[in-house]
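Letters A, B, C and D mark the chains in the order given here, with residues in each chain numbered from 1 onward.
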Amino acid sequence: MNRIDQTFSKLKREGRKGLVGYLTAGDPNLAASERNIRAAIDAGLDVLELGVPFSDPTADGPTIQEAAQRALAAGTTLADVLGMVSRLRRDYADIPIVLFGYANPFYRYGFDRIAEDAARAGADGLLVVDMPFEESEELRAPLVKHGLCFILLVAPTTPPGRAAAILAGAQGFVYYIMVTGVTGARESVVSDLAAQIGALRQVTGLPIAVGFGVSNGAQARDAATTADAVVVGSALVRAAHEGRAGAFVRELRDGLSGRSPAA
Amino acid sequence: MNRIDQTFSKLKREGRKGLVGYLTAGDPNLAASERNIRAAIDAGLDVLELGVPFSDPTADGPTIQEAAQRALAAGTTLADVLGMVSRLRRDYADIPIVLFGYANPFYRYGFDRIAEDAARAGADGLLVVDMPFEESEELRAPLVKHGLCFILLVAPTTPPGRAAAILAGAQGFVYYIMVTGVTGARESVVSDLAAQIGALRQVTGLPIAVGFGVSNGAQARDAATTADAVVVGSALVRAAHEGRAGAFVRELRDGLSGRSPAA
Amino acid sequence: MSHQPDASGHFGTFGGRYVGETLMPALIELERAYRDAMADPAFVQEFRDCLRDYVGRPSPLYLARRLTEHFGGARIYLKREDLNHTGAHKINNTVGQGLLARRMGKHRLMAETGAGQHGVATATVAALLGMECLVYMGEEDIRRQAPNVKRMKLLNARVVPVTSGTRTLKDAMSEALRAWTAEVRTTFYVIGTVAGPHPYPIMVRDFQSVIGTEARAQVLEHVGRLPDAVVACVGGGSNAAGIFSGFLDDVAVQLVGVEAGGHGLATGEHAASIHAGQIGILHGCRSYVLQSASGQIQNAHSISAGLDYPGVGPQHAYWAQTGRATYCAVTDDEAMDAFHLLTQLEGIIPALESAHAICEAGRRAQALGKGGVVVACLSGRGDKDLDSVLAMER
Amino acid sequence: MSHQPDASGHFGTFGGRYVGETLMPALIELERAYRDAMADPAFVQEFRDCLRDYVGRPSPLYLARRLTEHFGGARIYLKREDLNHTGAHKINNTVGQGLLARRMGKHRLMAETGAGQHGVATATVAALLGMECLVYMGEEDIRRQAPNVKRMKLLNARVVPVTSGTRTLKDAMSEALRAWTAEVRTTFYVIGTVAGPHPYPIMVRDFQSVIGTEARAQVLEHVGRLPDAVVACVGGGSNAAGIFSGFLDDVAVQLVGVEAGGHGLATGEHAASIHAGQIGILHGCRSYVLQSASGQIQNAHSISAGLDYPGVGPQHAYWAQTGRATYCAVTDDEAMDAFHLLTQLEGIIPALESAHAICEAGRRAQALGKGGVVVACLSGRGDKDLDSVLAMER
């Protein structure tokens, strides 16, 4: 059983909601970003989504765009990101690490090669925001070969029939995009999320993580009501940028477990 | 015999070349322009071309354009010009006075009425720069009726046949435009003038005045070599503007009679 | 009613050739050369080919659905002269005169321009035919029609700023006549409208008559019958004469010329020569002219440089006098409203000149009611007017 | 060789649909709606009517005599897309997509734009159909294509300045994709070139294919045979795909795409994606992309905003790979020379984009020699570029 499945099993056993944290690798440089990531993991992340910076992140709002810009300005490459995964894996044996990025850097690196190198470095999956299921065969095959999950996203615009079709052979977990839009912290969490997750459960038995827009503990709790985990991206990137990745993860954990953030 | 014919007969008798002077009536205002005109006549003009100011003098260069602008700014009307003719005629019984202008002010005044009023004021002819022979019937008829000459222009571009045709019934004198262009003082006088005037003499027995571009005594003499008279316009307007109309007419006279201007 | 002038270019009282003697022989020669050319099938074919392949004719007749809905009356069709090369009807005429100039052995063109469209069209044809080009333009118009000045410069034309008078079209035309007087032997003067001395009014009308010929055939094809009214703006009147030409013998078709009402006829600041002028003689022809009681030409005013002229073509004066066409005025403000209306309802940015016609077309459409058909001449596009319009918004 | 992609939009290695899942259902719906529409004779007729009466098609094919003489070789014919309403080929496509949007019940259009021509064309169609319109445009392009920005504002479109990256077309497209992701339920995204995710490359190509269909018939009419070469500039590649479409099966006709060589390929400052890029994935499709060794997209450079893009339509990549078309580069300076050449020899001020094609057409004409025939796509007029060009002169 891979680390993703193990983690979600454990969360289920413990009756807890999982916290998935996204951070852009190399923001503002490789060393500082690794410190922030370690602080976040130490503060209680259940899953790490490690962002591979890309020059033209068309699915990201300003916060993650800027993080990617800083990372690129510091010279971060995909090879650097893989190096970081290896180092993290040495110290954190169990946390699932999902590489989160855009198709082109992976494509240039080579789909076979990235599958092999990511697996060797200790990653558990790849999530490619601009690679829908229909285009993923070329990448999925090597990932399967190397034991990595190809994490799929489902959007509010995805019709149920399509969700069923693309999730048929999916692995790991499903990333449900709560809002119709790009990444970025939002004021409030969508209202009919429960119904949407309910519908999604009809077509997949995989754990469901919800994300896009979660910016504090209370929102995290709301979002997690019917889901198995919440993903926090832009808000965590901003917190890390302000040097409080760990504190923010603790705040999110508290929110998720029902403790009021003020407590 | 009208005053124009009398003047040219007299010039012929005396073996002199005539000096025709153009001044814009009302430039810079009615009183000052009358003083300039009197000074010019007193200094020896043989014929006065009295310019009727017009807003859009398409055959005039900058000097006469500006004179017209000043006259109009001072409120000069065709009626004012006629008034000036009457006053001049009181003091100068013999000098031919030709009203020189554009069609529209005469047209608005009425072709019949202008013929009658101009004759009554003591004018001798009309020269309408933008009214070629072909368009002149309407005006010629009343002029004839009131004993005024319709002075025709011939240009370097006028073919001999055409000159013959338009001059067939002409009266007074012929105004030969020396240069292909609008009015305005020029550096030198055209070279083959003698040939041109010679050709013109083939088709008309009328006296020939040449003009457009004469700006000093020496030029006046050159221009008058084969012609009967020279017309000085822009240069005289400028001299009048500088308060030296009389002196300039004397300079021109000296030039015409062969005395060097420096003498 | 004859649509041809007498032998020396008079339409009744109007028209003629009021120019200095220096220019007369050139006009007589021009008339002869023009008649020869039009009688020569090779010339006519060359002109037609050039209109088709270079200018982009025929221009479409376009049913403006949303504009029609807006006014709630007759269907409004637009004759799309804005789609011609260089962006206005002016090129039809400059192609004709340019080819004629070449036939006459001239190597140099000159023109006056107001909106700059005629200047651009002349500079364009000069480039096409490898001739020199000189364009006289009032300083005020140089300011308000900057894009066209830039185009002329790129086309290698020399733009001569005219600083006399109101520094607009009238003064440019005066200056052009002066310059032509000096260069008449070498230079072909390309007049941009149906004014000036004979034969310009008929020559320009004939070169522009392609608008009306096409429009008549197109409206028959689209609607199956002739329109109730044909509307065009009138500066000198070339686009109007061009489109009217197609319908002169269709006596049931109302021909409507739209003059520039400027700040309103009552203010005296306008360019409505037929409406508010008297008969006079200006720039080579007798027609309606804005003038003082003593026959001095008055300054015109219009928001649109191409209509900002105190005279009008003599055949329009004749049509007005005989009643074959009627003339009305549209103010600056009304034209601006029509400019925005057409832009926002149809995605067509009209020249400010043409916006006058659009305004009147709307009124006529309302008066005619549903079932009626109005054809408006969209004489040009508004790219040259963007700055002026945006400046007025502020 | 098939000219159609596979069922999910791949031309061999190229094409596809590389977008976030949020957009996938919309693209699938769009493809279905597009195929339905094209199978509906009423839709096809409406599109054709609109091209004829509104856009002004057919655009002429014009024999550029003096340009031909200048190069002293093959005859050069210009396909006059500059004469279309709004001044470039872009409107062919926006009319098609606009009508499709209406058919799909959308009331809001959005677009990215570089030169502003596509933005203007989209804003125009939005006005024509009574829809809202939002246009994303890089700040640098807003600066260098000011007239088009003014036109969009008058047309009531909202122009959203994009300040990321080089502030040019690439960044505008990224931002437009983001905005579309947020508004995908209500908004129709009108892509302006044959790039982006399937079905845009084929849809835009099909709407633009009228250029090639007309050009083929016209060249047969003018010359009596097919041309030796067909030349077009390539930004995303829509005008090129449009004109190439008419000649794909005429294997003897050389199809030549002209990329922007910027300061020269050696400097790295250019926009020649096919020439100097590698296969990559950008803005929804796989194609040639200017990119670093680690797969970061590189900034393009071109004097012409419409070519200033580091990617290219996937079908061009395919044609390049298969050899059906060849691609070359023309530098900024060479394009500027061609701009002036066409302006001064033919009286046609081309868009800077189109000037790239003119330059290459001249080279081909020389290489082919007398007796040859070259057709160049004059994709747009240069009114938008006057300030840029004049600024460079100083």
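Here is the rule we use: contacts are C-beta pairs under 8 Å (C-beta built on N, C-alpha and C of every residue); 3 or more make two chains touch, one makes a residue touch a chain.
None of these values were measured; they are calculated from a predicted model.
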Inset, instruction - Give the fewest steps needed to get from subunit A to subunit B, where each step moves from one chain to a chain it touches. - result: 3
Inset, instruction - Sort the other chains by how far their Cα centres are from that of subunit D and give me the top one. - result: B
Inset, instruction - Give, as an integer number of Å, the spacing between the C-alpha centres of subunit D and subunit A. - result: 37
Inset, instruction - Compute the distance, rounded to whole Å, between the mean C-alpha positions of subunit A and subunit C. - result: 67
Inset, instruction - Mark out which residues of subunit C touch at least two other chains, giving numbers and ranges. - result: none
Inset, instruction - Please list all residues of subunit A that touch 2 or more other chains. - result: none
Inset, instruction - Assign the assembly's chain-to-chain touch graph to one of these shapes: line, ring, star, complete, other. - result: line
Inset, instruction - Go through the chains and record each pair that touches. - result: A-D, B-C, C-D
Legend entry - Touching residues (chain side subunit C, partner subunit D) in the complex: 52-54, 56, 59-63, 66, 80, 82-85, 123-128, 130, 147, 150-151, 153-156, 340, 343-349, 383, 386-387, 389-390
Inset, instruction - Going by the contact rule at the top, pick out the subunit C residues touching subunit B in the complex. - result: 8, 16-26, 28, 164-165, 170-171, 174, 177-178, 181-185, 278-284, 286, 289, 291, 293-297
Legend entry - Touch list for subunit A against partner subunit D, complex: 54-61, 65, 72, 77-79, 102-109, 129-135, 152-159, 162, 177, 180-182
